[in-house]
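Below, chain A partners chain B and then partners chain C, in two separate complexes.
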Partner chain A sequence: MSATTAQGRPGRTLPLTDGSLPRRLVRGAVTPGGAVFILAAILFVAVLSANPSFGEPPQLIRFIGRTAPIAIAAMGQYYVIVSGEFDLSMGAVIATQVVIAGNYIGDDEGRVLPALVLMLVIGALVGLVNGLGTTLLRVPSFIVTLGTMLALGGLVRFLTGGAATGNPVDSFREIGRGGIQDVPVVEVLPYPVIVLVLVMVGGVWLMRSPFGRTIIATGDNPDAAALAGAHVWWVKTRAFMLSSLSATVAGILLVGYAGVHPSVGAGYEFQAITAVVLGGVVLGGGRGWILSAAAGAFALELLFSFLNFQEIESTWRPTVQGVIIILAVAAAGRAWSLGRRPSKSSPPAPPAASAPSPTTARPGTETGEI
Partner chain B sequence: MTRATRLDSTALIYLVLVAVVAVSAVLTGVEGRNFFSQGNVWAVLTAMSVLGLIAIGQTLVILVGSLDLSVPYVVSLATVIAAGGMKGLDGNIPAAVVNTLALCAVIGLVMGLLVSLLHVHGFIASLGIGLVVSGYLGTNYQGSHGAAAPDLRLLGRSGIAGWIPTAFVILLVCAVLVTLMLRHTRLGHHVYAIGGNRDVARMSGVRTALPVVAAHVLCSVLAGVAALLLLSRTGVGSPTIGSQGRYDLLSIAAVVLGGTLLAGGKGSVVGTIGGVAIFAVLDNVMGVMQVNPFLKDFVRGLVIVLAVAVYARRSVVRRPPRFGASRPAVLDVVTGPSRAGRKGESA
Partner chain C sequence: MRRRIHRAPMAVASALLLGVFATSCSTEDPTDSTSGTDESSESSESPDASEESPADDQEWFDQAVYDEQFEQRSATFEGDPETPWLQYIDGEMTDTAEYASDQAGKACFANASISNPWRQTGWITMNQQLEALVDKGVISEMETRDAGDDDNTQIADIDYFISEGNCDAFIISPNSTAAMTDAVERACETGKPVVVFDRGVETDCATTFIHPIGGFAWGIDTAEFLIDNLEEGDKVVALRILPGVDVLEQRWAAAEKLFDENGIEAVDFFTGADPTEIKTFITDELNKGEVHGVWMDAGDGAVAAIEAFEDFGADLPVMTGEDEMSFLRKWEDTGLTGLAPVYSNFQWRTPLLALEKIWAGEEVPKEWVLPQVPITEDERGDFLEANDGMPDGHYAKFGGEDLPGYPEVWQERQIP
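Take a look at the complex of A and B:
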């Protein structure tokens, strides 16, 4: 249940891979990446106590479906953050995709598939631009993605005049709002849930593949990764492409819920970053588990549901969100730094191991080791 | 040698500025108007002042290795508090100004403590504080609030010889003071040291908390001053004026445009002012050409990326003279760009 289970490497015993599964789970749960699951569980119980009907399977599955876009966006953002960068262009990408869906597809059923291909290609292209700008032009990712955010957002608003335009055919919107009917227990299985599960499985597989290992190594220490033979620029560029593609998928799902308006997706980048950080992924890269990022998104949405059920004025939502983020990150920072200190029982590591430094090479830190 | 490279860094941004001004002058001329007319210069300088003050504060925060995303909400809060305190009466000005700036300082203090003591990443600390403030604003203020005192509004219209607005003079004074602070005080040197490497600074005996807190407090206070300038122009406090101006992202963009390393430790206020000037000139010429407001964003985004790209490759081998020979250049060439996101990660 923690970063380590996904990142343990055969042939070498990492501290957190010793012991039986329950012990590993307990140890994993006290890392920030594991604690978010506990946080989500606590929030779930809180929502349940405020509104018992929330726990009924049909309600629950719909909640998961509603949360799918932000969870998918958070997992996309995870790739970029764990590689040590930021992606602020997510919201603008979502808006672009939504507007493309609305205007290109229109009433033409036959255009659904070409549109999907077109949207994915555009998503990949935006990611490519972000990635190459960051790696080859050496512009900080914060600035590159801010640039693409302004440029794409401005272009979309300019082309649409800032108003809702176009309306994609219903079969396309079904992807976001429809589902498989007559499923036992949950009545209806929304398509977003299926997409979410697929993205999660794909993400976990990807992070266990050599690419996933390299991306974490790159985020932890790009110099070391480069010296070890990783093509840092291509790894990071792929991370940006994955992020934009995730935003595209989130956009496709959002068309079903939200309709076609250039403001769909506004603020998604910060929501996604918040979710990722809540999931214990360290800004600056190198630490964190992909499913923790998704769990962070669920924790955030559960928090909002809880506030709704408590009938707290919606204007206070940002305040509560802000306090929770700060507290979660402060607690997580403590946990990571505790975990990084060598334990007293283990033989002393090389002297440098206890002195992690954010800007130079960090000796003694393993991929995923805490 | 270090002197020459340093001049090079700031000189480059001002060369870009000159180029932008030249193109703008031509484009304005094509529209049949004079870019260097009295009214236009006034407009450009006024436009610079608000973003400029915020960007100076942002420079400090970025130099120390943090980030401040809360400025738009601090600006909004400061305008409603100041306008609410003044209620349109001159007699209330001192109290309202002191209250406003003190409140801003407290917000900055909280952020600084979160970053320095609790080791929360500046991105998250300021995002969280910004959300807290925006929730407060959204709950307690709907629409505009209060009124600026006549004297303050007069300040917004006054200037030197009809060319230089007072707001711009305030900006220059603040820029000079902060530059002096950065170059000639212990605090300023510590800011650079901590931004360069917090752990090395700490192990060298620098108390890392104070400069981080000071940078955040100054940033929030400067945002408060910027809010007062905004108030002097708008006349009423507005709970959304900051987020409409998108001062968080634009100020960070201006700072980076000015050659400051987003990871901290390298950069100057002089460069930042150059970056702000580029934005102001661009906005001005797009206004003259009546560019669609949505298209403005497109151009802005393009310019930010291109301008930074022009010297991002070069700036990685440059460093302030203070640290001239202390680090091998090779490491910087390899790491400079790729570690853009790695500022002040909590240790």
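Take a look at the complex of A and C:
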């Protein structure tokens, strides 16, 4: 697949930065990052046909609100993955933040702001540890973040003994649970939706900034990025900090939405990674659009809702989810390579040039063609 | 060449995709047809419940145990109702004259885990009971090993106690039924008293097996409450923690059977007690149509379930939770129609008190069945008052009011 993108312009991997908006939309729709929007649309239609009332604006906006935490987490994971690393500590960061909110704030209204600051500082710190462990100590990020995941998991167990402690004051929970009332059409505009939009806008802006370009360059080829003058260790460390901070924001929303429980956030790292991959972001780094990661999260949640509406038997559900996710990722990739297949045979040289890229994870599609 | 390479996996993928949807849609048919033949003894299957697999029922549903627990709910308990943790149903007794001793003994406790609020509350109560008995000169010390929900760890813990623990008695709260059987038998072979409580094992070698009536009784109490308060054809969402734990599966097996028989449409979900999941499932169900009842196999997460209705703006359901304070408080705040089934938390005191009896040479029930009485709306106020100041994860029927450290130890909830 990279073979075909690369034709003629091996360096161009970011369609979003080129051309007018309509052109970009059309061009984007046939990339894996664009296919996820089509996938989400298909799933949306499927959910609608299973349950028409899902499409009413108030229900829809609530759905977006409840998907906000996972979408934000997916966008956080995106920074790390696009820089060529993994962050497995996300779920543990969320759980830690949730427990801190419950234990530290409790019933004390005055501690809401200090708690928010504390949680953000802790989030940044975890990201810093992950980043420095990966870059300076040269421990693979898979291991570093697994380590922080375990360490934080232990901390949560220590703080709670593994069980719920009690919810923080309602004013804090409003961030994740409340919304602006009496909005036309949608009745209520949940705060998580607003937070999600802000994070999206911030993310798009960030990825268009020099930092964003550097992060993609670093993920694509860290050596080249270093030779070009980028401080690879600091770029990656910041990616990890963004990821942990996103997890923190997701945690704050989840405390409001769900309440305090050590199991909140469990599995979020894998949901986020799945969402990112569904969004067509290449594992190994260097390719992908941040909003596709968010769209991947929406596709995932739509899938879960679809299964709920279909009343798949509860014991079967995880299996069905797993199989569909694999097939969805496979289908998205296939659909894209179909759409991008050149009408005439492409010169063999560009595929060879991009063969070492991580997309060689599809044996038979590239090496066999050369 | 290239096209062929691309197309073959495409075809496979799409075939698989179709296959998945086909199987997921058709699961109802085969199970239905088998249920018709296998369950001829059951009353006619409700067609509404076709998405549940009766095959799962049969695995956990045991008519004899169900009937026994059904009866035990209204049985007479021996002993003082003021101290329910010492009450039992009349039955076979174990003679303990051989264990009689006038010295304080060392108890060794192999605990499955303290990973949920119910176990934590019980664990606190147990430690306060221990303090009382140490002061009394009955127990010299208790060594505890926590298996962290792991069968292998608990087997190793028990074997450690047998070989090196220098124990005068064993207390075992098994992590799982089948896996722990051999280890419990090895403990029995030491010739020292063995007290098993909460979940059971597949051997009756223990001196006494202490437990509340059981999961079927829970399922019967809760399902009957929902059936009484709902109309035929109403929809109930069943929130279950996880599959495969006998105590929990029996609760659901009994409830599902009663829902089926009474035309209540029940959909079950596994939530892992994760409030996020609970909210998502309920919101989706509300999106689909009205939900009239919520059934839980454990109260952890009950508040999230109620909040899902509040946030959606839907009418609150008829609901069964548990005697956890968070549910009792939310129940009172919202005024919904509810019931708090109880899996008697005070049973955590009983093993140590059983040791006191055993070492005194007094006989103890072979199977020590403790009372298990749900909290109704009428009693709710009393329990809320009695447990004022207790944290949300506390259980109303913890039964430690007469122990040292009451109420601070439970209020602070310092896990020992």
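Methods note: the second predicted complex is superposed on the first by the 304 of 370 C-alpha atoms of A that agree within 3 Å, B and C clash if a C-alpha of one lies under 4 Å from a C-alpha of the other, contacts with A are read in each partner's own complex, and residues count from 1 in each chain.
Keep in mind that, in the parts below, a contact is a pair of C-beta atoms (placed from the backbone, for glycine too) under 8 Å apart; a residue touches a chain by one contact, two chains touch by 3 or more.
Because the structure is a prediction, the values reported are computed rather than measured.
Trainee: Just chain B (first), just chain C (second), both, or neither: which does A:177 touch?
Mentor: A:177 sits against chain C, while chain B stays out of touch.
Trainee: When the two structures are overlaid on chain A, which partner does A:320 contact: first (chain B), second (chain C), both, or neither?
Mentor: both
Trainee: For A:257, decide between first (touching chain B), second (touching chain C), both and neither.
Mentor: In the superposition, A:257 touches chain C alone.
Trainee: In the overlaid three-chain picture, which partner chain does A:330 touch, first (chain B) or second (chain C), both, or neither?
Mentor: Touch status of A:330: both partners.
Trainee: Given the touch rule stated above, what does A:239 touch, chain B (first), chain C (second), both, or neither?
Mentor: A:239: touches no partner chain.
Trainee: On chain A, which partner touches more residues: chain B or chain C?
Mentor: After superposing on chain A, more of chain A is contacted by B.
Trainee: Look at A:54 in the shared chain and tell me whether it touches chain B only, chain C only, both, or neither; answer first, second, both or neither.
Mentor: second
Trainee: Touch check for A:310: first (chain B), second (chain C), both, or neither?
Mentor: Only chain C; A:310 stays clear of chain B.
Trainee: Return first, second, both or neither, reflecting whether A:93 touches chain B, chain C, both chains, or no partner chain.
Mentor: In the superposed model, A:93 contacts neither chain B nor chain C.
Trainee: So which bits of chain A does chain B touch that chain C touches too?
Mentor: In chain A, residues 161-162, 313, 315-317, 320, 323, 330, 334, 337 are touched by chain B and also by chain C.
Trainee: Quick check: in the complex, which residue numbers of chain A touch chain C?
Mentor: Touch residues, chain A against chain C: 51, 53-54, 59, 62, 66, 69, 161-167, 177, 254, 257-259, 261, 263-264, 266, 304-305, 308-317, 320, 323-324, 327, 330-331, 334, 337-338, 341, 364-365, 368-369.
Trainee: Residues of chain A touching chain B in their complex?
Mentor: 81, 84-86, 88, 133-135, 137-144, 146-155, 157-158, 161-162, 222-223, 226, 232, 236, 270, 273-274, 277, 282-285, 313, 315-323, 325-326, 329-330, 333-334, 336-337, 355-360
Trainee: Under the definition above, what is the set of chain B residues touching chain A in their complex?
Mentor: 114, 118-121, 123-125, 127-132, 134-136, 138-139, 196-200, 203, 249, 252-253, 256, 262-263, 292, 294-302, 304-305, 308-309, 312-313, 316, 331, 334-347
Trainee: Give the list of chain C residues in touch with chain A in this complex.
Mentor: Chain C reaches chain A through residues 1-2, 5-6, 9-10, 13-14, 16-17, 20, 24-25, 27, 51-53, 56, 113-117, 119-120, 240, 243, 267-270, 272-276, 278-281, 283-285, 287-288, 300-301, 303-304, 307, 311-312, 326, 391-393, 415.
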